[in-house]
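Two complexes, one shared chain (chain A), two partners (chain B, chain C).
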Partner chain A sequence: MKAIVTILAVAALASVPLWLRDPYLLNALITTGIFVIGAMSLNLLLGFTGQLSLGHIAFFGIGAYVSALTSLGFDIGLPGGFRLVHAPWPPIIGFVLAILIAGLCGYFVGLLSFRVRGAYFVIVTISFAEVVRLVALNWVELTQGPLALTNIPSIALPLPGFGELTLRTKFHNYYLVLVVALIAYLLIARLVHSHFGRSMRGLMENETLAVSVGIDVTRTLTIAAVISAAIAGAAGSLYAHYIRIIDPEVFAFINTVTMVIMVITGGKGSLAGPVVGGLIFGLLPVGLRPVMAPEAQWIAYGGVLIAILFVLPRGIVPSLALRLAKWRRPAGPPPVTVTETAAKEPA
Partner chain B sequence: MSEFLQHLINMLVLGGTYALLGIGLTLIFGIMNVVNFTHGVLYTFGAYIMFIVVQQLGLNFFLALPVAVLAGWLLGAAIELTLLRPLRGSDIDTTMLVMIGAWIAMQSGTLWIWGGVAKSVTTPFPEAPLVLGPVSVSWLRLFVLAAAAMLILVTYLLINKTSLGRAMRATFQDHDTASLMGVNVDMIYTSTFAIGSSLAAAAGALLGPVYVIFPQMGDLAAVKAFAIVILGGLGNITGAVIGGFILALAEELGAGYVSSGYRDAMGFLIIIAVLIFRPTGLFARAERVG
Partner chain C sequence: MNARSIAMTIDQVAVRFGGLVAISDMSFEVGEGEIVSLIGPNGAGKTTAFNVMTGFLTPSAGRVTYRNTALAGLKPHEIADLGLIRTFQRTSVFPNDTVYDNLMIGLHRQSRVRLLDAILGLPGARASERRLRQRASELLEWVGLERRAHDAAGSLSYGEQRLVGVALALAAEPSMLLLDEPVSGMNASETHRFIELIRGIRDRGITILLVEHDMPMVMTVSDRIVVLNYGRIIAEGTPDVIRNDPAVIEAYLGHGAGRA
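Let's turn to the complex of A and B:
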């Protein structure tokens, strides 16, 4: 049943560019897809280890800048009169490097910040993102600062025997984002259902107990941070090569908040949650644009976030799953028990 | 040398308002265990109240300041009663996300009402600065320092010498026991949030006329306030005051001797450094973090 729903959903998503001819809507879907990948990576940390990273856009932005700079090349002065010159490489290498370097940054942030938890972890991650933003703004020689990196080449796929396929059109980019999103989804699903995934949830439910049964908490959290950061870096790279221009505004705090809203609304700790939340909040501006000024849209965003937390604190997907379970088993055990086991079961 | 003295003078002026911001946040954080993302919006709100009273209503500058403090108090109480009281007992992540939602909505509201163009407030102080040997300081900044010092003193007395302050300290130590001893904890929470918010509004009302007023001005102020709270330790008022001046000094020296582009990075670097080397804050007694 669940597999059929998943296959139908993927098939429906894959068919969109075949019948949707409106470039504005297709563009909205592509950027939404990129943010959904970011939201899925955030969900890995927030939903499965309980750590709220409010600097998640830093990994996304680092991925975008690494990928852009790899494919554009740069020439910077180093202390001591040396110069570091890099000739442009194919964007596909930039994509790989973006994943690796974002993951590495995730490792260092994890190493530093998993000494603390809760509110402190949140503030460390915000600080990290702000420092990265200020570096991107001020290191003009490397990043062009507020002037932005422009003319970023599109990703080209090497096809053996056919030369190269440059993914420049929206049609191509839609499928590229869809494929990367599917890979990220499957990767996270595998991870969550593995032994490692049980360690993550175990320490989220009860850290002291997790330690006592031999889970290395810091190591588990750091690995989760590395994978999460790497996926965010991949999303950032896709963004850079699709939009083809990036400036330090990519690090704006509001972008992290957008991802958090997607995860919370859809349902943290649920695999489909960030996808559902992401599609709603990614496409909401499209629907609201004709009827509301941009400022009013943001007011609505804030209001919807508050309303969701008050009305559906678990998010849309887990609440719907609960409804469905109740509806299919009307004579079964009382719904409260279903809730409790669903929440407490270590998978 | 005179350059260094000038930085010290600037540090004093900036540090006073940073201390106000930090005290407000540390009270809310320490007593209510709420990560208050609306703190920056209250700062912006205070500055806009100054703008409304002085520029739009044409009233006296010195009258505008208490109006801003009062308005901050009322808005803070309203936020607490509508958003935080129904969520009493929720985990810290939920209240934090609700505060983020309120922050987005209120900041966008400010942008909607007053637009994104920066506003400035005319002050009754003379243009010519006060020159003291090698350094100079504007009369407006001197007034800001004096007003901030007075507000810090009032808050200190309120917390340490009044029965409301005693009840707040008791709630901070153990809200269950405080409740058993007859303290109305709900009332303490609302008062704490209102007092913290009025201090943020006061900081905005004081610094707004020094710089310019725009809807996003509170964002950096909020993160600086978090830096100060972490520096000083949770719920530690003296720590918040000292933390405010340390952050101001770091920013002045960083802007003066490193690069002015990295002025605002100082707060974040301090946060990261403190959490690595001394996660309970510089002035906290040993206590568990997180």
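Let's turn to the complex of A and C:
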């Protein structure tokens, strides 16, 4: 049942560019897809370990800048009169480096903050995002500051025997984003269903008990942070090579908030939650734009958000799953059984 | 008693919270395969002693040694890796998971699959998962909760939750088990079955240290009893010795009781 829904959903998503000819809508779907990947990575932390990263856009932005700079090249002065010159590399290497370096940043942020956790993690991540934004804004020699990095090349896929396929059109980029999103989804699903996922759940539900059965808190949370940051970095790289221009505004707090909204409304801690929430809140502005004044759009956006959380407080996917389960088993309250707790001798 | 090798040594342990002395100068030993109970009135320092032994609390003085390893400076999960596993008075389950999944989380120490193997779904990782599922079912059956396997642990009765807590601890493959008031919240027949369970655990070669208020249960199950009062050990010995110890009677019943 679940597998059929998944296959139908993937098939539906894969068919979109075949019948949707409107480039504006296709563009909206691509950027939404990129943000959905970001939201999925945020969900890995927020939904499965309970740690709120309110600076998650930092990993996304780092991925974007790393990928852009790798493929554009740079020439910067270092203390002592040295110069660091980097000739442009293919964007696909930028994509890989974006994942690695964003993951590395996730490691350090995790290492710093998971000794204390909770509110401290929230504060460390917000500060981290702000620091990175200021660096991107002020290190003009490297990042061009507010002038933005422009002319970022599109990703080119090396095809053995056929040369290269440069993913320049929206048609190509749609499938690129879809494939990366599917890989991210599968990766997170495997992770969550492994023993590692059980450790994360245990820590979220009852940390003291989890520790007492031998689960290493710092290690578990740090690994989750690394993978989450790496996926966000991949999304950032896709963003840079699709939009082909990035400036420090990519680190804006509102972008993190958007991802949090996608996760919370879709349902944190559910695999499909960020996808559903992401599609709704990624496409909502597109749908509202032709019918409302700009001021009214944000009011409507907020209204939809409140309505969803009011009607489905656990998020769309978990709430609907719960209703479906109740609908299938309509037999009133569960039978109260006084279990005979027979303690048997060991075999 | 002397023929037995020593599993755990508590050597002159003291715990002070500011000016409050929770434990002062506590020393005793637990032999391999023994069932030892730690009893005493409320606030005597029993749970504090547990917290010291399992690394949740650093003692102000003294040392705890388990199988010749000093526990000072080890984190709780590292102590768990030595095979020293505890249960808790209050928070004994992962409430939102099913009983079965609780045990799967508890089996963490048995799963030594590399993360990458699990993500790629390699055969080794799958085989390991199968083993764990098998083990979880066995444990459920052993504590008699197989019919509750797919209920959320938080929805179980208090007594059943204690059983889940014990099964969770067993899932971690302890060589020594520290049980913190395991039968509180159980009725008489549940307690009776629990005593059988504890004996069964000991027969598997697992050393047991028990903190419990239920005196009939303690007297029935223990090889030896250590009595704490105001953070100090006031008596130590077999159930028969403890039953007739004037200091113990005084601690529990007050001055007049001896004369009455």
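Quick note on the criterion: the second predicted complex is superposed on the first by the 315 of 347 C-alpha atoms of A that agree within 3 Å, B and C clash if a C-alpha of one lies under 4 Å from a C-alpha of the other, contacts with A are read in each partner's own complex, and residues count from 1 in each chain.
FYI, contacts are C-beta pairs under 8 Å (C-beta built on N, C-alpha and C of every residue); 3 or more make two chains touch, one makes a residue touch a chain.
In this text the structure is predicted, and so the values were computed from the model without any measurement.
> Can A:I123 be said to touch chain B (first), chain C (second), both, or neither?
The answer is first: A:I123 touches chain B but not chain C.
> After superposition on the shared chain, which partner residues are touched by A:H172: those of chain B (first), chain C (second), both, or neither?
Touch status of A:H172: no partner.
> Contact-wise, after the overlay, does A:R201 reach chain B, chain C, both or neither (first, second, both, neither)?
A:R201 contacts chain C only, not chain B.
> Which partner does A:A293 contact after superposing on A: first (chain B), second (chain C), both, neither?
Only chain B; A:A293 stays clear of chain C.
> Please name which positions on chain B make contact with chain A in the complex.
Residues 29, 35, 83, 86-87, 90, 92-94, 96-98, 100-109, 111-112, 219, 223, 226-227, 230, 259, 261-262, 264-265, 267-269, 271-272, 275-276, 279, 289-290.
> Which residues of chain A touch chain C in the complex?
It comes out as residues 187, 190-191, 194-196, 198-199, 201-202, 205-206, 208-217, 223, 334, 337, 339-347.
> Spell out the part of chain C that touches chain A in their complex, as residue ranges.
It is residues 54, 56, 75-77, 80-81, 85-88, 91-97, 101, 104-109, 111, 113, 115, 118-121, 125, 128-129, 132, 138, 141-145, 147-148, 151, 157, 159-160, 163, 165, 168-169, 171-172, 190, 193-194, 196-197, 200, 203-204 of chain C that touch chain A.
> Of all residues in chain A, which touch chain B in the complex?
52, 112-113, 115-124, 126-128, 130-131, 134-135, 137-138, 253-254, 257, 260, 264, 293, 295-299, 301-306, 309-310, 313
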